[in-house]
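In the two complexes below, chain A is the common chain; its partner is chain B in one and chain C in the other.
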Partner chain A sequence: MPKPDLLHEAPDTTATRASSPGSGPAGLGASRNRSRAGKRRFGPDSLRGIIVKIVLLGLVDALAVYVLMMLFLSQSWAALAVSSLVVLGINWIYLRKGGLPAKYLAPGVLFLLVFQVLVVFFSGYIAFTNYGDGHNSTKDDAIAAIQLTAQKRVPDSPAYKASVLSKDNSFHLLFTDPSGKVQLGSNGEPLADAPGAGKDSTGKANSLPGYETLAFQEIVANQQEILKITVPVSDNPADGTLRTADGSSAYQFKPALSFDAAADTFTDTETGAVYRDNGKGAFADKSGQTLSTGWKIDVGMDNFARAFTDPSLRGPLLGVIIWTFTFSVASVALTFILGLFLATTFNREDLRGKKVYRILMILPYAFPAFLSGLVWSGILNPEFGWLNQTLLGGANIGWLTDPFLAKISVLVVNLWLGFPYMFLVCTGALQSLPTELDEAARMDGASAWRVFRSIKLPLLLVSVAPLLISSFAFNFNNFNVIYMLTGGGPRFADTDRDIGATDILITLVYKVAFGQGTGRDYGLASALAIIIFIIVATISAISFKQTKALEDVN
Partner chain B sequence: MSEAQARTLPATRKTAPDGGPAPLAPRRRPFGAWFKDKGWRHVVGIVTTIFAVFPLLYVLSAALDSSGTLVGSNGLFTRIDPGNFTALFNDPSRPFGRWFVNTLVVGVVTSAATVFLGAMAAYAFSRMRFKGRRIGLLSLLLLQMFPQLLAVVAIFLLLSGISQVIPALGLGSQLGLIMVYLGGALGVNTYLMYGFFNTVPQSLDEAAKIDGASHVQIFFGIILRLVTPILAVVGLLAFIGISSEFVIASVVLTDPDSQTLAVGLYSYVAQQRSENWGVFAAGAVIASIPVMALFLFLQKYIVSGLTAGSVKG
Partner chain C sequence: MKVHNTLATQTSRRVFATGAISVVAALALSACGGGASSAPGSAAAKPDLKAAGAGTITMWVDAERSPALKEITEKFKADTGIEVKLVVKDFAAVRDDFITQVPTGKGPDLIVGPHDWIGKFVQNGVIAPVELGDKAATFQDSSIKAMSYNGAVYGVPYAVENIALLRNTAIVDAKASTFEDVVANGKKAVTEGKATFPFLVGMDPKQGDPYHLYPLQASLGSQVFGKGADGGYDAKQLLIGDAAGVEFAKKLAAWGDAGEKIINSNITGDIAKEKFLAGESPYFLTGPWNVPDVQKKGIKFAVDELPAAGGSAAQPFIGVNGFFISAKSANALATNEFVTNYLSSEPAQDSMYKAGGRPPALKASFEKAASDPVVAAFGKIGATGVPMPAIPEMSAVWADWGATELAIIKGQGDPAEAWTKMAASIKAKIGG
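So, the complex of A and B:
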């Protein structure tokens, strides 16, 4: 690291810099004079500089006005307030004289604040909610959704005649009720009178000015979409909806659950079971059966408690934490040992072919990491892979399906990926060690091994230790290798969740939040992410102390 | 952000001990002595090289063998034809060409912006003295300890909130993804550049200032020109990191047409690993070419960056 010598003279340079052009009245006047003398063509006070500044700021402000308008229209008041403050801040930074550092720092810091700092706090907030599948909106939205989805055909309700019309690529249904009244509706759009509808010989309305009537083939071709159309009878969801099963007749459906706003309960119209707000963001009956759609509430420490008490989570999670540490420590140790061994082996000026070896050996480091895992998963595939089929003559060894072997495989692949880096680093470190020490020890009769162990290795460790720590931190969250190679599998037998023997914490977070099969549970995933934050922060703090990295900052 | 980035420290002069005394002319030696001194090193070299290179040869062979399945790929280089490559570009449900272009676009735009934002911040930290400078540098150091992928849930929810207001910046948009990546633009990059900027003598700025140069002129006209090597390294490391990034890209880019290579190629083999193997291998070969070419081309700089970091003490 280049020693910032320049910074040590800070005390006197600060004084001179304080009156640099643009920040003080004296400097300002001087720079104006110079620009008049024609020396400055591109400074902030030159015409060109001002134009560039006006154009750039204008573009930013134009975008900002658009964003603010959209926020106003969508009535997101909090976001609107924050955005307005940001826009004002940006304009203040760039329009005022002086404050030069802020002008250079603002763009990067803005992105940093939103997409690195804010999201960390946001994660913290989500960790205390039950956000996830079936719990992603307000209670009112949930009630409306339950009323819409829990629909049953009203017994003995009359059959409506229906035609399918289309306008602007969206489908509409034209209903003729038994009394001959014609009404039009579409998905989510309540029934409305349809004046001027044309009827066929059976009295069924089949056309409407401005709309196209779908022919039978077209109805068949768009069957899926037409079946999904649910037309509310009125604005009140409790009145039910009209749906068609064949594009020519329709029936009235009503919610199988009726909502009682005063009591805040749902009642099953058939069984009479009563579902109440269970305080956990869902409606539940006496036996604890919940309705599928719930809403988002704050759950306090529930997610954290669940991680360590829920039997389907506790055991696997413990296994994952232990494996995460094992994986990162073993990865660093293995890559470092192999890298160091290779570095000492090839640390000879007079070795032929050294350059060729080096280029070939760093190829895995140059290969994109996400591809490495996938390629190795093909080589190690138990049924079809090259290792079993070709090298081991058709043996059926579960390199990726046996819990123990899968862990070994993950480590070997990560060794393949990581040793070139350690090789390069150790080569550099070895070459920078003073040779006199080596020679002196040799004179005293020390063996090569002894010289290495007692002199070279300790000196080397001093310089490489910070990189070993950062390598540990990197492997702690080494998502690509695990996810691409084994997908975390083989799965644990003692849980119904998608957690497996090679899952590390970060793949677990990803699978809990975005996995297939089991529902998405953002709250739990964020809680796990917070736990990782705490582990990584603790390790960073300790390693900071050890490596004194902060000394470089003055 | 990327492995390479996170691990690289300021690139400075590498003090490689070359130019030592030329080796003496080799004499005939008994094989045993030669082996003990040097021969075993070649054995190690050859074994390691096989370990390092085999998977790459394997994927190349699978790419060239159009029988296509995982089993069929086991005989190395038994058949060579371009069938997989044509299949790769002719599958409308898996637009490989689009993925490739998307990766290039996202990677180039992000790394260019990363370099620019990082350089501006490094310039401010290196050349100006202001309140909060020390705290700012320290916070950057601490913030880089928290990788963005840990906050992937929050990023997803934030972007889905944004898409309800401005769809062009929210979920499914590459612009949104680029913005998320730019959240990590400072951090380690600023540190790398800050170290390098400090090696440019401040007397140059002072002289220019006396000649009437403004800070903008000094930044673009003097500093940026003198630190081009570090700009190139940061930009390329950012590009390499982004072209491998999977987690955030997979969450943000939902539509196959907008996806990057990492997300697209994963989906290619995630379901039926053994059937699509040949075509996947062809995709992998093409996807890795730009990254490996860049890496080997810049090897010298990256290596000196790594080794300079390692001898930092």
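So, the complex of A and C:
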């Protein structure tokens, strides 16, 4: 029985498309290696093999040595130890003779560790901290930042011109005030008159007998020390200190807050209010007023508790969870039904021009989803959108602004985006079904629908069910469609947060993480992400068990 | 022969292995040397900037502004020997990347951005104050005010931008003196068939657009935050829900979809621009960024200040772009020198203007740029504006504010009630 060429081609293309991208290159590599082993000259133990091995390993090691040096210089000891072990491990794997499986597995395992496991553990760790706006770094950084911003220029104080001088390996600053008076000072040493100072053409004192004047390059080379110089204006500390930020001008500063390292407190120099570590990663006074910069601390299960107790989250969270399930289940069901229907239709052998139809069918799939979202949001504009204007004769229907219609719109757009994938998958699966079964059933007098329901569909589900589960997981986290089409809106009226009727969990996490409303809160967002992960993992695990039962049927 | 051959391969293999190892070792050694010492001979004559970690200043900048900075960075290098490395970053990612990377020590020394980032930066402790001294007076007052936060100046401004009312002079030839006149002129143009829309302002269909509507709100006497003793916004004084705000909400409903349709919730920024370019409306409330396209289209237009709808002036928000120094810059002195003495100079501000078209913040540069009447008009209107609040609490305001305005424009619910509820919600977020 001659088969048309088209049918022959199609299963192949669909099969490669549907299979995971990883399997392609791996298969290729395996066949190449087989041919290498066949020709002894190019085998791993040949001269050529050794050269390639040494060059590649040398490159890897050269990079590793560089990385290790950088880690050593930055004193990251833990990372240095781990990296050294990894480098040693890699060299051991590739320099020894046997152990072929390890040689193939090592790169994959390494990338898995770096790009998956590490990331998962890191976000897991973040979920137990208060990392977010205002709690961005360590306590030392926060103290330094508070001290830095607490420096206020003394009101109406003069602007001094400054030169940097050095004597006996210590730096001094030579100040010229607006009236032309020249004074000298150094770190902790109050201003004193500087007789005999030389001046340049602008009237700025730039030299003093017995001292050496630093050129700009020398100033920059010693900038850390020079920036630290604070010259008391007088013996009275309340008058403030002179500092320079650029080595050529100086101003009188007074800190608004003073830090007591022993007591670990900041004191407001004007009001006398004392700010202490409040145990929540910030300095706070008695009334609970905190200083603006805080630091990251571990908060235990707080973020998880907040996800369910925060009144602005608790209410909408339930609605969002229900809608997330509705959205992902409905998306999978609708796209599968339409995809399967089209696949069955276009699978008829006597249909002409199948290739063209199939290409047209796949077009929405080839379009970036976030772009489609934007385009659709324009199409669905109530007044200027193409749908209302052209198709519905100028009706004013708020497709994206009415909570119910917005949900429908999101599902329809996602159907438009998603059915080509199901179409591809189902076409591939249908074409792999043995035609004899079909013929046999027909002979027995079964109707087309009966054949489809009792024979084709069960067989189809065996191969497609795992893909439906992964499609569910994908739609559960289908950020693009929601965010680009409705942005989660229209907003719920009963919450302070920017959460709306079409928000699914992942857009909610995004809004929490990137602060649409109350500032960024990575800790809470990570906790929510972990909850999502648990939900998806549980459902997938249960469903995969169910599909095993499906296989047993056949 | 056979034995000989094997031996030969073996030796060659060994020789090669040793050779390769020594190459790797040499590479490693040279890498070692590169980091630690460069040009040891010149150390006596010139201090080795690289050794002190001061050879380069790293600056994050977006693709549009990067070319404008080339000239001034070259001059800085010629004068001081310090190179300013311009790292081009995606503008949308700059703020968050800066906040996350500065604490790790991997952030840049310097970035460019709008002033309303300052609050977040200070909250996260990632920027250092800049002392401009007498130079502050050479900048426009509004720009220095915008750069001030908690009584200190945090950035060197270079451009000021704000919105104004573009008027298609072919449709309406006279400037209006009240917003009611604007509405009347617009409606008249529509009834005469000269236009389709009386007034255009872009709305975000998801979030509304409080930024563009603010001048109207201000003209009714409603502000977002009150000001503290230091002249900056004070988060404790939330004024948005006051009587004037409620008044504005009512007007908004009257102008909205259910009322006169002056402000249409379905007109997005893109649609508004498209309709104005097509000559379908006499008025377009927008910023200087849309002006080049209007000019290209050959539409004759005038730049007016938005007339007041109530008793107060219709002050627009002004946004000031400037340069900020990292709190953890390892090269703080050189960076300060570059920012306070080079980027604040006239040539630098001139070339930033030429590249971006935004009115310069430096008075001398602005005067030059003001030979262009459009820049002059926008600048004049900006001088009456108020800085967009930079306090971190502002992020709690935007979402509620926009969504509520959008709902009111759509005619959903009672405007006064919605507005009061919005104020209470914002207050709860700031307090909690």
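Here is the rule we go by: the second predicted complex is superposed on the first by the 325 of 554 C-alpha atoms of A that agree within 3 Å, B and C clash if a C-alpha of one lies under 4 Å from a C-alpha of the other, contacts with A are read in each partner's own complex, and residues count from 1 in each chain.
Here is the rule we use: a contact is a pair of C-beta atoms (placed from the backbone, for glycine too) under 8 Å apart; a residue touches a chain by one contact, two chains touch by 3 or more.
As the structure is a prediction and not an experimental result, all values here were calculated from the model.
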item: Touched partner set for A:Phe514, first chain B, second chain C, both or neither; value: both
item: First, second, both or neither for A:Tyr94, with chain B first and chain C second; value: neither
item: Which superposed partner A:Phe452 touches (first chain B, second chain C, both, neither); value: neither
item: Touching partner for A:Thr486 - first (chain B), second (chain C), both, neither; value: second
item: First (chain B), second (chain C), both or neither touched by A:Phe325; value: neither
item: Which of chain B and chain C A:Gln217 touches, first, second, both or neither; value: second
item: Residue contacts with chain A in the superposition, chain B compared against chain C; value: B
item: Which superposed partner A:Phe304 touches (first chain B, second chain C, both, neither); value: neither
item: Which superposed partner A:Ser432 touches (first chain B, second chain C, both, neither); value: first
item: Which of chain B and chain C A:Val55 touches, first, second, both or neither; value: second
item: Common ground on chain A, meaning residues reached by chain C in one complex and by chain B in the other; value: 66, 377-378, 381, 383-384, 514
item: Parts of chain A lying in touch with chain C, wherever the complex brings them together; value: 47, 50-51, 54-55, 58, 61-62, 65-66, 69, 73, 133-134, 136-138, 141-142, 144-146, 148-149, 151-153, 159, 216-223, 226-227, 245-249, 251, 256, 292-293, 312, 377-378, 381-384, 400-401, 486-487, 489, 491, 496, 498, 514-520
item: List of chain C residues in touch with chain A within their complex; value: 9, 12-13, 16-17, 20, 23-24, 27-28, 31-32, 35, 46-49, 51-52, 54, 80-82, 96, 99-100, 103, 120, 122-126, 128-131, 133-134, 150-152, 205-207, 264, 266-268, 271, 327-328, 331-334, 336-337, 340-341, 392, 395-396, 399-400, 403, 410, 425, 428-429
item: Chain B - residues contacting chain A, complex; value: 3-4, 6-7, 9-10, 12, 14-17, 20, 23, 38, 41-42, 44-45, 48-49, 51-53, 55-56, 58-59, 62, 69-71, 73-75, 117-118, 120-121, 123-124, 128-130, 133-134, 136-138, 141-143, 145-158, 161, 164-166, 179-180, 182-187, 190, 195-196, 198-199, 201-202, 209, 211-217, 219-221, 240, 243-244, 246-247, 250-251, 262, 265-266, 269, 273-274, 277, 280-281, 284, 287-288, 291-292, 295-296, 299, 303, 306-313
